[in-house]
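So that you can tell them apart, the chains are marked A, B, C, D, E and F in the order they are listed, and the count of residues begins at 1 in each.
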Amino acid sequence: MYQLGIVKRNVQRADPAAVEALSRFGVATVHEAMGRVGLMQPYMRPVYGGAHLAGTAVTVLLHPGDNWMMHVAAEQIRPGDVVVAAVTAECTDGFFGDLLATSFRARGALGLVIDAGVRDVKDLTAMQFPVWSKAISAKGTIKATLGSVNVPVVCAGALVNPGDVVLADDDGVVVVPAAIAAATAEAAARREANEADKREKLASGVLGLDMYDMRPALEKAGLKYVD
Amino acid sequence: MYQLGIVKRNVQRADPAAVEALSRFGVATVHEAMGRVGLMQPYMRPVYGGAHLAGTAVTVLLHPGDNWMMHVAAEQIRPGDVVVAAVTAECTDGFFGDLLATSFRARGALGLVIDAGVRDVKDLTAMQFPVWSKAISAKGTIKATLGSVNVPVVCAGALVNPGDVVLADDDGVVVVPAAIAAATAEAAARREANEADKREKLASGVLGLDMYDMRPALEKAGLKYVD
Amino acid sequence: MYQLGIVKRNVQRADPAAVEALSRFGVATVHEAMGRVGLMQPYMRPVYGGAHLAGTAVTVLLHPGDNWMMHVAAEQIRPGDVVVAAVTAECTDGFFGDLLATSFRARGALGLVIDAGVRDVKDLTAMQFPVWSKAISAKGTIKATLGSVNVPVVCAGALVNPGDVVLADDDGVVVVPAAIAAATAEAAARREANEADKREKLASGVLGLDMYDMRPALEKAGLKYVD
Amino acid sequence: MYQLGIVKRNVQRADPAAVEALSRFGVATVHEAMGRVGLMQPYMRPVYGGAHLAGTAVTVLLHPGDNWMMHVAAEQIRPGDVVVAAVTAECTDGFFGDLLATSFRARGALGLVIDAGVRDVKDLTAMQFPVWSKAISAKGTIKATLGSVNVPVVCAGALVNPGDVVLADDDGVVVVPAAIAAATAEAAARREANEADKREKLASGVLGLDMYDMRPALEKAGLKYVD
Amino acid sequence: MYQLGIVKRNVQRADPAAVEALSRFGVATVHEAMGRVGLMQPYMRPVYGGAHLAGTAVTVLLHPGDNWMMHVAAEQIRPGDVVVAAVTAECTDGFFGDLLATSFRARGALGLVIDAGVRDVKDLTAMQFPVWSKAISAKGTIKATLGSVNVPVVCAGALVNPGDVVLADDDGVVVVPAAIAAATAEAAARREANEADKREKLASGVLGLDMYDMRPALEKAGLKYVD
Amino acid sequence: MYQLGIVKRNVQRADPAAVEALSRFGVATVHEAMGRVGLMQPYMRPVYGGAHLAGTAVTVLLHPGDNWMMHVAAEQIRPGDVVVAAVTAECTDGFFGDLLATSFRARGALGLVIDAGVRDVKDLTAMQFPVWSKAISAKGTIKATLGSVNVPVVCAGALVNPGDVVLADDDGVVVVPAAIAAATAEAAARREANEADKREKLASGVLGLDMYDMRPALEKAGLKYVD
C-alpha cells in the first residue's frame, strides 16, 4: 500500500464531467449521497471561509517535518487537480506557503488538502488559493527524506486514491472514489431535487414531524408527551 | 433527572422582561453578575462571528449520531426560544443544518446551542441563524433512538433547565436560571453602571493599581520592586 | 528562574531600530531566519484575523484564575511594548478584556500575547487591539496571588525574556532574543531578497525541482518514477 | 442552581440498601439499566486500576486553582459518602493529595471523584483510597475563594445532586439519582440475570446473530453477503 | 471503497507462516522494516499492559454509537483472526465488552483493535483477551444501522484490508499488507540480526557516534563543540 | 537562547549533595517548596508506574522526527545525569528505545524526560530505565538535522538549563535551578517536618478547618451554612 520513494506519473483521473457535476453540490450533500462515508475528520478546516473546491486528487505522502515531496508532487499536477497531502505521523509544521501555492497554481492545481500545518495564510487568502489543513504554523520543514507521490494515502482518516474526486467547503472535506463519481453526482442531484420544496414547507411552519411522517414511529418507540 | 422518551410541553419560560433586560449585556458581564457560574465550556464557538443571542431554553437530549429528537423539539419551540441540545456521549456529527434552521426559525427560535457538530454553515451564515457548537462536520445523523425534549440537560458542562435564559456572544454561552433572571439583569446593570467611567480613567493613563487601590494589598502580600 | 513576587522595573529593551527592521517581515520569515527556533506553539491564535504585531516584551507570570499581576504589569509598559503573559499551570480563563486593553493601550502597549484565555473579543476587535491567545472565555479571574513582572517566562512553549522582540501575525508568534534582533532582521532581509524572483519563476511554471536543483539529490536518494 | 458560598448540612442520602444493591454491579451494567444516561465523560480515569466505588455523593463546587472548599466538605462527610468535586472552569491542578485523603477517610469517605487533577498518587495507591480524576498533577492550589458544598454540580458532564449514588470502576463513573436508586438496582439485576447463560452460549460458539435473532432484521435492512 | 451493507465472506488471509514469522517481532521493529509506514496513531493503547497480538484482519465498519456489525463480524472470524473495527465518525462509546469477547474468542479471534471505546475492561483483563482502543467507556451502543464486514477500512489513520496482518504490543499497532508479510518478516529479521551485538557494544560504553560512524557527517553538517 | 548546532561540553552540574537532598522528596513537595513554579505540564507521564528520578540535566534540542542529537548527547552524559529532550515543534514520534537506553545507562544516565514519544516500553520497563514522555509511539526517526546539546531548552512548558536538578515521580516532573537546589531541599524538608504530625491529626478525625484555623476566614468571606 504505502510505497515509499515512488512517483506514479500516469494517474487515471475521475471523469471531468463527473467532477463538474459533483462541484455543484456541497460536501454535506455529497457525503449523504455516498451513504455517509468518505469524510475527512472535522479537524480539517479551511484557511479562509467561503472557499469551495472540487478536483481530482494528486496524493503526496510526507514524513513529519519534511516537505521535499511537495516539490516532486508539483510536477505531477495537471489542471483541475487538488493536492492531497498525508503525513506518516502526526505533525503540525507548516509544510506549505505562498511559494508552493504559486507553483501549484501555475501547474493548474485548484487547492490543497493537508493533514498537517500550513503558513503564509495571509498570502494564501490574498491569492484565494484554498487550503484545508489541520493547523496553521509558521514552522518550516526540511527536505531530506523520500515519501511518495500518487500512491494511495490516508488523509485525516479518509482513504484517498490518486484520481479520486475531492470536494471541500466550509463543512469539511469528502473524497469520492473515481469509479463512483458519476453515480454519486446523480444521487446528490436526487437528494437536492426536493430540498427547495422541503425548505419552503418548513419555512411556512410545517413540522418535520409531519412532513416526514415521523409521529407513528415515535409513538411506537414509546415517546410520551407530558404537561 | 435525565428522563428518556419524554417530551414536556408546558414549560415555564423566564419572564420576557428579564430576558429583554439580560439581552442588553454581554456574556462576560452576565457571568460576572452571577458570581462566575453557569458558563458553558470555552470549546463552544459561534459558527459565525458577531452574533448575539438571548432567549429561553427549549432543551433536547440526543444520542450520538441521532437527531430524531430535533424534529420533536421543533414542535415545542415558541417565539423567543433558543434550542439547547445535549448529547449522551461525546459526538462531533453534524446534527443540524439549513433545513432544521429553517424549521426552527419558522417556529420562532432565535438560535441553537449544541454540544456537538452542525453543518451547512455557509447557509446558516447567509440566513444569519446564530449557532454555537463544539464542531463543524458534514457528517449526517440517523433517526432511530428516543431522547427527550424539555428535560434538564447538561450542555458543555452547564446545567440547563427548560425555560432558563441562554445568552451567547463571541465570548461564549452562559445560562441564567429563570428564577434569578431578573436579579441577574439588575446585578449586570450595576456592574456596567460605572464601566464607562472606569474606561475613561484607564484611557487617560490612570492605572488599575491606583483606580482599584491595589498597592497596599500588593505590598502586604510581599511584592518587591527591583531595578 | 521563575522568581515569584518580583517586579523588575528597568528592563533593557531590544534596540528600536532592530524592532522596526523585524516588523517588516512575517513570522514565518523571521522564524526561518532564526534557524527554526523561538516559535510559540500553534494553538496560539489571533483574536481577529489580519493583525500584525512587533514590539518588546514586558513579561507577566500569572497563576491560574488570577489576573492581579496584569494590573502590576500595566505600570511597567512603555510605548512599543507587547505584554507576554504566562501562567504557572494550564488555564483557559479570560484574564483580559476591554478595560485592561484600554489601560495597556494608554500606557503604550501594542498588543498582548497570553498562554490562556481572553474575553470581550468583540470590543478588542472594535478597538483593533491585537491579542494572540490560547482560548476565548467569558470566565473572569480573581486578584489574590502574587506572580511576577519582567522575569523570564515560558509562554506557549517559548522562552521569553523581558525586552525580547515579539512578532505575531496570522501564522503565529515568534520570539527574537534582544541580543540577536538586529542580526535576525538582516538574515530575514537576505531570505526575502530573492523571494520575488523565485515567486515569479514559479508563477511562470518553473518547478521547484529545477529552480532548487533537487533532481540529483532525489535520484541519489532512490526516488523511482513509474507509470 | 450553582449557589456560591453555601454549605448544605442536612442532605438526604440515597437509601443504604439501594446503595448496597447497586454496589454489586459494574458501571456498564448500571448505566445500561438507567437507559444510558448519567455517565461521566470517559476522560475520568481511576488513579490506580481495579478499584470499585459505590457511595452517596457529598458535592463540592471549586474554583480553578483553589481547594479551600475541600476542607469545608470534609466536615460534611458521613460514613459511606463519596466526595464529588466540580470546578467552575477547566483546570488540571492537583486539588487533592494524601493529607486530604487521610482526612476524608477518617470522616468515613469511600473515595473521590474530581473533574480536575490530584497528586500524591503513590500514597493514594498505597492507602488504597480510590480516586477518579481528569488529570494527575503535582501543582498545588490556594485557599482564597468561596465555592459551595452539597449544591447540585456538573462533574465531567454529569449532573450530581448531593445524596445521589455514585458508582465507579475501571469503566468509568455513573451517577444514579437517589430517587431511582432502588429501581435501578432492580433493573441492573434483571439485566445480569441471564448474562451467565448468554456467556455460556457464546462461549460454546453460538453466535449473537442467532442468540439475539438478528438475521431477519439484518436482511430486512438490506445486508448483502458476497464471496 | 467503503461499501455499506456488505459482508465479504471469503477473504484471502495472509500466509500463516508469514504471520507466525512476524509474530516474533515487536511493532517498532516491524514498522521500521516496512519503511515507517502502516502504523496506527499513538492514541491507540492496550487495555492492559504486556499484551502482544499477531493475526489476520477481519475488518468491521461501524457507525457512531452502533455495534450491530460486531455481531455480523463474529460469524466471519476464523482461528487466528484479529477484528479491526473502524467507525465512520469519531466516537468513544463502548462498542465491545466481555460478552462479545467471549463470542469472538469462541470463534477463534486472538484480539480486537478498535478506533473507539470498549468496556468491561476488568473482565477483558481477567480473560486476557487483548484489546487496543482509543478510549474506555461504559457507554453502550444500539443496533440499528448497517455497516460492513471485510471491506477495506481506515482505522486510527491506517488502511486495513481484510486478511492483512495486524501486530500490536505496548508500542502500538502496525498493519502489514498480506502481499508483503513474508518479505517484511525477513526484513525485520535482518534488522534484529545484529541488535544483540549492538546492544552489547552500547552496554560496554561504546557510543552510537562511533558505532554508527556519525562523527564525519555531524562535522560536515557544522556541529560545534564549545566549552 | 536556542543555539542550533552547538554542543556544550563543560556544564556546571548542581551540587551533588543538593541533588541527593532533593531526591528524598516527592515532586509535589519540591514544587511547593519552590513556590509552585518549575513544573512540566501534566501530559508528561511515566512509561511505568512507581519510578522516581533525581539527577542533573543534560539537555537536548531536537527537530521533529529526528533523533540524531540523542547520540551526540550520549557522549556528554556523566554519572548522575538525566537527559531532558525538547523538540522544536510538537511531535509524538518514538525518539528513544532500548538501544539508546542501554547506551545512556552505560554512560551513567539515570533516566530520560522527553517532550515527545518513546518506544520499546516493554524493554524500558524490564530494564527499569525510567522515562517520562508525552507519548508512546513505535514510529522511528531519522538522523538528518542538527539540534543542540546542553543549551537551555523549554521542555513541556518548563525551562531547563543544563546542570539543573530534574525530579520526576508518578505526580510529574519538576525542574530545580542549580543555584537554588540546596535552598529548595531545605524548604522541602521544612514542609515535610510536620507532615507526619498533620497526617496523624487528620487520621484521628481532626478537621483541616480546625487544624489550619480556617473557620474565621471562611466566615469573613461570607460562607453560609444551611440545613
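Definition applied: a contact is a pair of C-beta atoms (placed from the backbone, for glycine too) under 8 Å apart; a residue touches a chain by one contact, two chains touch by 3 or more.
This is a predicted model, so every value here is computed, not measured.
Looking at the partners of subunit B and subunit F together, the chains they share are A, C, D, E. By residue number, more than half of the contact pairs of A-C reappear in one of the listed pairs B-E, A-F or E-F, namely E-F. Centre-to-centre, using mean CA coordinates, subunit D is 31 Å away from subunit E. Annotation: 42 Å between the Cα-based centres of subunit C and subunit D. In subunit D, 36, 39, 42, 63, 88-90, 92, 137, 139, 145 are the positions where the chain touches two or more neighbouring chains simultaneously.
Taken pairwise by the contact criterion, the protein chains fit none of the simple patterns, being neither a path, a ring, a star nor fully connected. Taken pair by pair, the chains that touch are A-B, A-C, A-E, A-F, B-C, B-D, B-E, C-D, C-F, D-E, D-F, E-F.
Interface residues of subunit F, counted against subunit D in their complex, comprise 26-28, 31-32, 36, 39, 42, 45, 50, 169-172, 174, 195, 198-199, 202-205, 207-209, 212, 214, 218, 221-227. Residues of subunit A that touch subunit F in their complex: 63-66, 88-93, 137, 139, 142, 144-145.
Within the complex, the subunit E residues that touch subunit D are 5-10, 68, 71-72, 74-75, 92, 94, 97-100, 102-103, 105-107, 117, 119-122, 135-140, 143, 145-146. Looking at the complex, you find that subunit B touches subunit D at residues 1-2, 4, 34-39, 41-42, 61, 63, 88-90, 152, 154, 157-159, 161, 177.
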